[in-house]
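In the two complexes below, chain A is the common chain; its partner is chain B in one and chain C in the other.
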Partner chain A sequence: MSPEIVNSETALERAGSASAVNRECMLGLAFVAPIVVVMGLLVFGPVLVTLWDSLHRVDPMRAGTPFIGLDNYRNLMSDARVLHAWLNTLAYVVFAVVLETLGGLGAALLLNRITWGRRWLLAAVVLPWALPPVVNAIVWSWIYNPSHGVLNSVLFSTGVIGSYHVWFNDRTTALLLVALVHVWRMLPLTAVILLAALQSIPAELYQAARLDGAGPLRLFSKVTLPLISGGLAIALSQSTVFAFNLFDEAWILNGSSLDTRSVLVQVYMSAFQDLHFSYGMALSVLVMFASLVISLVYVLRVYRETRYD
Partner chain B sequence: MKRNMLVAAVAAIVLCAALSASAQTAAPLTGETITVLLPPWATLPKDMTDRFTAQTGIKLSLQTLGWDEIRTKIITASIAGSAPADVTEVDWSWVGQFGMSGWYAPLNSMVDAPMAKDLPEAAIFTYDRKLIGIPYNNDFRLLIFNRQQLSAAGIAQPPKTLAELLADAKAIKAKGIVKYPLALPLSATEGTSTSWFLLTKAFGGDLFDNNLKPLFTSPDSAGYKALAWEIDALKDGLIDPAATGLKDVEVQELFKNGQASFDVAGWAGNLSVYTDASKSKVASAAEGALMPTVSGKTRTFGLPEAVGVPAASTHKAAAEAFIRWFVAPENQMESYTALGNLPTRTSVLKSLDDSGKLASGKALLAQAAVVEPLFRQGTPTWYPQFSSAVSAAINQAAKGQLSVDAAIRQIAAQAAEAQAQ
Partner chain C sequence: MRRSLLSRMGLLGCAALLLMWSLGPVYWALVTSLSEPVDLVSASPHFFPVHPTLEHYRQLLGATSSYQGSAVQSVWPQFSRALVNSLLTSLLATIVTVALAAVGAYAFVRLKFPGRNVIFVLVVASLAIPAYTVMIPLYRLMVSMKLIDTYFGVTMIYVSAFLPLALWLMRSVYQSLPLSLEEAAWMDGAGRTYTLFRIVLPLAAPGLIASAILTFLSAWGQFMIPLVFSPTLATKPLTVLIPEFVSRNYVDYGLMNSAGMLAIIPPVVVVLFLNRYLVQGLMAGSGK
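Up next, the complex of A and B:
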């Protein structure tokens, strides 16, 4: 075979292979295009517009929208109400993430062991998550009601408290109670994510570890935890993001009170009550970055510390 | 024969055309549908809305939202350049913001001189000479009391001064008639702010001077004394400690259930609800009285509500037809008996009183005669921010987190900040 023929066959093969790659690329792009368009229009576009507007003065009470640089961000740093709202939100994040993760993991481990009637139990566990957040908060506002709420009634009748309490008159208690309502609603999601991760662990791994003499704690730390690390990272991230975005519970249970005002409530007050739109936008941008950064830390740390590969 | 038929056909066509034109003149808006966005207390019963449709041919899509939520919906829709509805609630406290932003169509042409005279509160809804809402609810504050509970405590007449009010409340509590005689909201909500504004007037002062400088910062000022009065009443056990979490409408439930003797900042229109046995447990005992003051000469201020047409509405003519119908005398009367919205027309108020349908009519009319605006210059654009700062500070003071002095200083600082922005 002459070198010319060999070269032309190789060129044909290369052309065929390149065309297949091109076809696959096009197919891949076609599959990805809808989500890119949707995310671009509904997520990245609005984020960019919000970022841009936060650098301007957007206020329907004043003419024009002049560029003001980082003024909104500078003013946020010295706004006492905003700082108060940040502290409250950080407290919500700590309460929510710790309680949802521990509670969710416990619930998932229990559900994973139950074989009879698991689907019914799972449906019952998921119920609070299925309720609209406003409905959930209203139900809890009745429970916390100082005059005829179940909480006072139960604690009083069991002798835990000597008189009825106005629960929201104490800031720490109020923060904890608002966070508890949020945890009640979001814990099922953590449990379901972790249950799915638990059910993907092959039973042979546990059998092998037991043959090697591993006890329950070692099984959990050396088999279960590393293998649910992906689910755990997702659960931690969603807990954090949802806790940063806490609004309904704080608003329904205690209105705009400074004691329980979350950052998102402050965004609402700045933008829709005071009509300082770009000021509210700047604050919402900070909330977004804060929750993203903390979620990223979780994901990186959980992966690094619990994965073998 | 042919000629006769031709004449008959032409006559028939002319007649049909004339009838069609006449029908269009009678109901040019027939078939249009308008959306109307109102709070729960203004949501008209179905028989009224059906009658409106029968009379005008305009169909109504009535939407009910909470008062706060209506404002949010108006703002978000208006910013986006769309109409939140064809007719919406316009509260007196929104006039500064909504007037300045130009979100509402002027309705000056709807109100002629006699009607303007009959609707004195229309002036509150005028911004830069543009009338942006026609008032439908003549809200002002007065004292509402439980006659039976006062009698049980040996009190023959409702109090005329704030000192008498406190003494009566203490007497009622001492006799164990009710645990917390004074119903006043202390939560971080609008009702808490407006109650303090009312008490400031009752102590003989005003919130701001003509240049909008605060008049409540000095310990001997009316605003300072009003806040101290509220906190002292709370500490003395005259106000339910749970009031720190109660809105005005929730505090009204306490009065309706007989758990409080005085609705201190009572809504004028609520007398019809309190005296309705199907809605209140104290129907036979609830009465209105002039707002007590430190001097004994009553004062109060108006918080009327109106309906307006967003500038972006595409059914302005039909929307105006609805408003004209809504504030017509016969419908104001029905709205009062069905919902407790006190008529804004002076003539209707008088007519209701003459026919004996106005609960505590004598007190209501006497109080209505002395209604003052909260801001003589018109509601400023920064009012919502100021009001929010007031309710948050009072809430903190009521929880013991701030002293009266610190709360007053915080309100003054945030008022200055709101004005500066």
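Up next, the complex of A and C:
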């Protein structure tokens, strides 16, 4: 075999692989092209328009759309109703994250330990997540009904309360009850994520710790908790972002009431009821950035942790 | 011995509590939907329907119905339209979303092309965008393309909303498949597309089912999007129709609860028979 032939062969191969790379590239672009079109047209285009419009005064009731810089954002800072809505959302996030994490962890530990009928218990736990949020909210608003609701009659007949309550008259109670409906729907997600994390812990670790004389509490704090911290971080970020975007429950249970108005309900009110389009858009932009930052904080933490493994 | 019995009792008690928390509200709605309107407003609640009746269901599903003695128009015409709308938009959105995610995620995992990572990160990051951030520009766009209140318009918005999660899920499915099978197929001269459809997709079937279920349930329960984009019964789904039963000065909880019971049939069927895939989807969709 002469060297020239070998050379020309590798050159041919190289040309062939170059065209294969080229084909692969074309195929990849063809495969993702529909996604780029759909997401570009229906999500990223509109987001850019929203960002742009939030710097203008877009108001169907007033002529022209002059550039007003950050005025919308500045006004948001001093709008009492908006601040109220932020505080409500903060309350939702705190209630939801605490209850979902504790309840979800309890459910996951139970599902991990139970052997008999686990499949059906898991199905029952997941069910609330699968139901339409609107139906959940309707079912719960009937439970909370001040004169005929089962919550009042059960608490009254067991002597917990002395008289029937109109639950949504008190702001803190109202926030807690709206959050509770949200927790009912989202707790399954936390439970399932934590269950997956629990199941990935090797049983030998528990045996070894038990041989060293560790009790159940020490087992939990020294073995279980550190090993599910990755799953816990994901569950926390999920419940935070979902509670942050709470809308359906607040809207169906208590409409536009200021007491339970979440930030997204405030966006809806500003944009579609008061018809201050760009003002509502500016608020929705803030919600978007807040959601992104929350997700990012958790995602980066998880990423760092998994890299050390 | 005694301790293990005690801990088993404790476990059982916790399981009972958990069941009550998860299923209690659904059971209560079922009882309500089967109760006479008079019993619903009686002083003490009944945990079983005392005079079980299908009156509310007849009002939803019958041609005509009587309500507390007087003849009233049944809501079957509206209800059936909304039911068909819910089914059609959810199924269409599911098919399109899963198809795009199945092919797209494969490209993101196995094929090299410029912009691969940027596009993927951007699409997944869009999960954090609240629907209301895009609502107004999207509404103007849909009006200008005359797609308000059309199946195509609503379906495509659902696709854009649920595609990121499906894509994320399918990517983790493909990443867990061994590359060696595909390489063997290429050795035998099979092309990339052939390999994807004949070898990879069948192996990824559980993942495809999981993303189909997640997408279907999300679309079936969607409220905000159709509230704006489906103003009339041409495309209005159940989730928007049911709360409208409040509109009269009297809130008909019996009717709303029975409509709700019918609306949760598809999710309940999924949870009963396909829960394995649903749980896998939830785990993979939020994990990794």
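As a convention for this text, the second predicted complex is superposed on the first by the 240 of 309 C-alpha atoms of A that agree within 3 Å, B and C clash if a C-alpha of one lies under 4 Å from a C-alpha of the other, contacts with A are read in each partner's own complex, and residues count from 1 in each chain.
One rule holds for everything that comes next: a contact is a pair of C-beta atoms (placed from the backbone, for glycine too) under 8 Å apart; a residue touches a chain by one contact, two chains touch by 3 or more.
Everything numeric here is computed off the predicted structure, so don't read it as measured data.
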{"item": "Touching partner for A:131 - first (chain B), second (chain C), both, neither", "value": "second"}
{"item": "Contacts of A:38 with chain B and chain C, given as first, second, both or neither", "value": "second"}
{"item": "Chain B versus chain C as contact partner of A:146, first or second or both or neither", "value": "first"}
{"item": "Which of chain B and chain C A:259 touches, first, second, both or neither", "value": "first"}
{"item": "First (chain B), second (chain C), both or neither touched by A:276", "value": "first"}
{"item": "Which of chain B and chain C A:233 touches, first, second, both or neither", "value": "neither"}
{"item": "First, second, both or neither for A:168, with chain B first and chain C second", "value": "first"}
{"item": "Residue contacts on chain A - larger count, chain B or chain C", "value": "C"}
{"item": "Partner chain(s) touched by A:106 [first = chain B, second = chain C, both, neither]", "value": "second"}
{"item": "Touching both chain B and chain C, residues of chain A", "value": "145, 147, 268, 272, 277"}
{"item": "Chain A contact footprint on chain B (complex, rising order)", "value": "71-72, 75-76, 78-79, 97, 100-101, 187-189, 240-242, 244-245, 247, 381-382, 384-385, 388, 391-392, 395-396, 399-401, 418, 421"}
{"item": "Footprint of chain B on chain A - complex, ascending", "value": "60-61, 145-147, 166, 168-171, 254-259, 268-269, 272-277"}
{"item": "Partner chain C, residues of chain A touching it in the complex", "value": "21, 23-29, 31-32, 34-36, 38-39, 41-47, 49-50, 53, 106-107, 110, 113-114, 119, 121-136, 138-140, 142-143, 145, 147-148, 150, 153-154, 157, 184, 188-189, 192-193, 195-196, 231, 234-235, 238, 241, 245, 247-248, 252, 264, 267-268, 271-272, 277, 280-281, 284-285, 287-288, 291-292, 295"}
{"item": "Complex contacts: residues of chain C adjacent to chain A", "value": "11, 14-15, 18-19, 21-23, 25-26, 28-29, 32, 40-41, 44-45, 100, 103-104, 106-108, 111-114, 116, 119, 122-123, 125-130, 132-138, 141, 156-157, 159-160, 163-164, 167, 192-193, 217, 220-224, 228, 238-239, 242-243, 253, 256-257, 260, 263-264, 267-268, 270-272, 275, 278-279, 282-283, 286-287"}
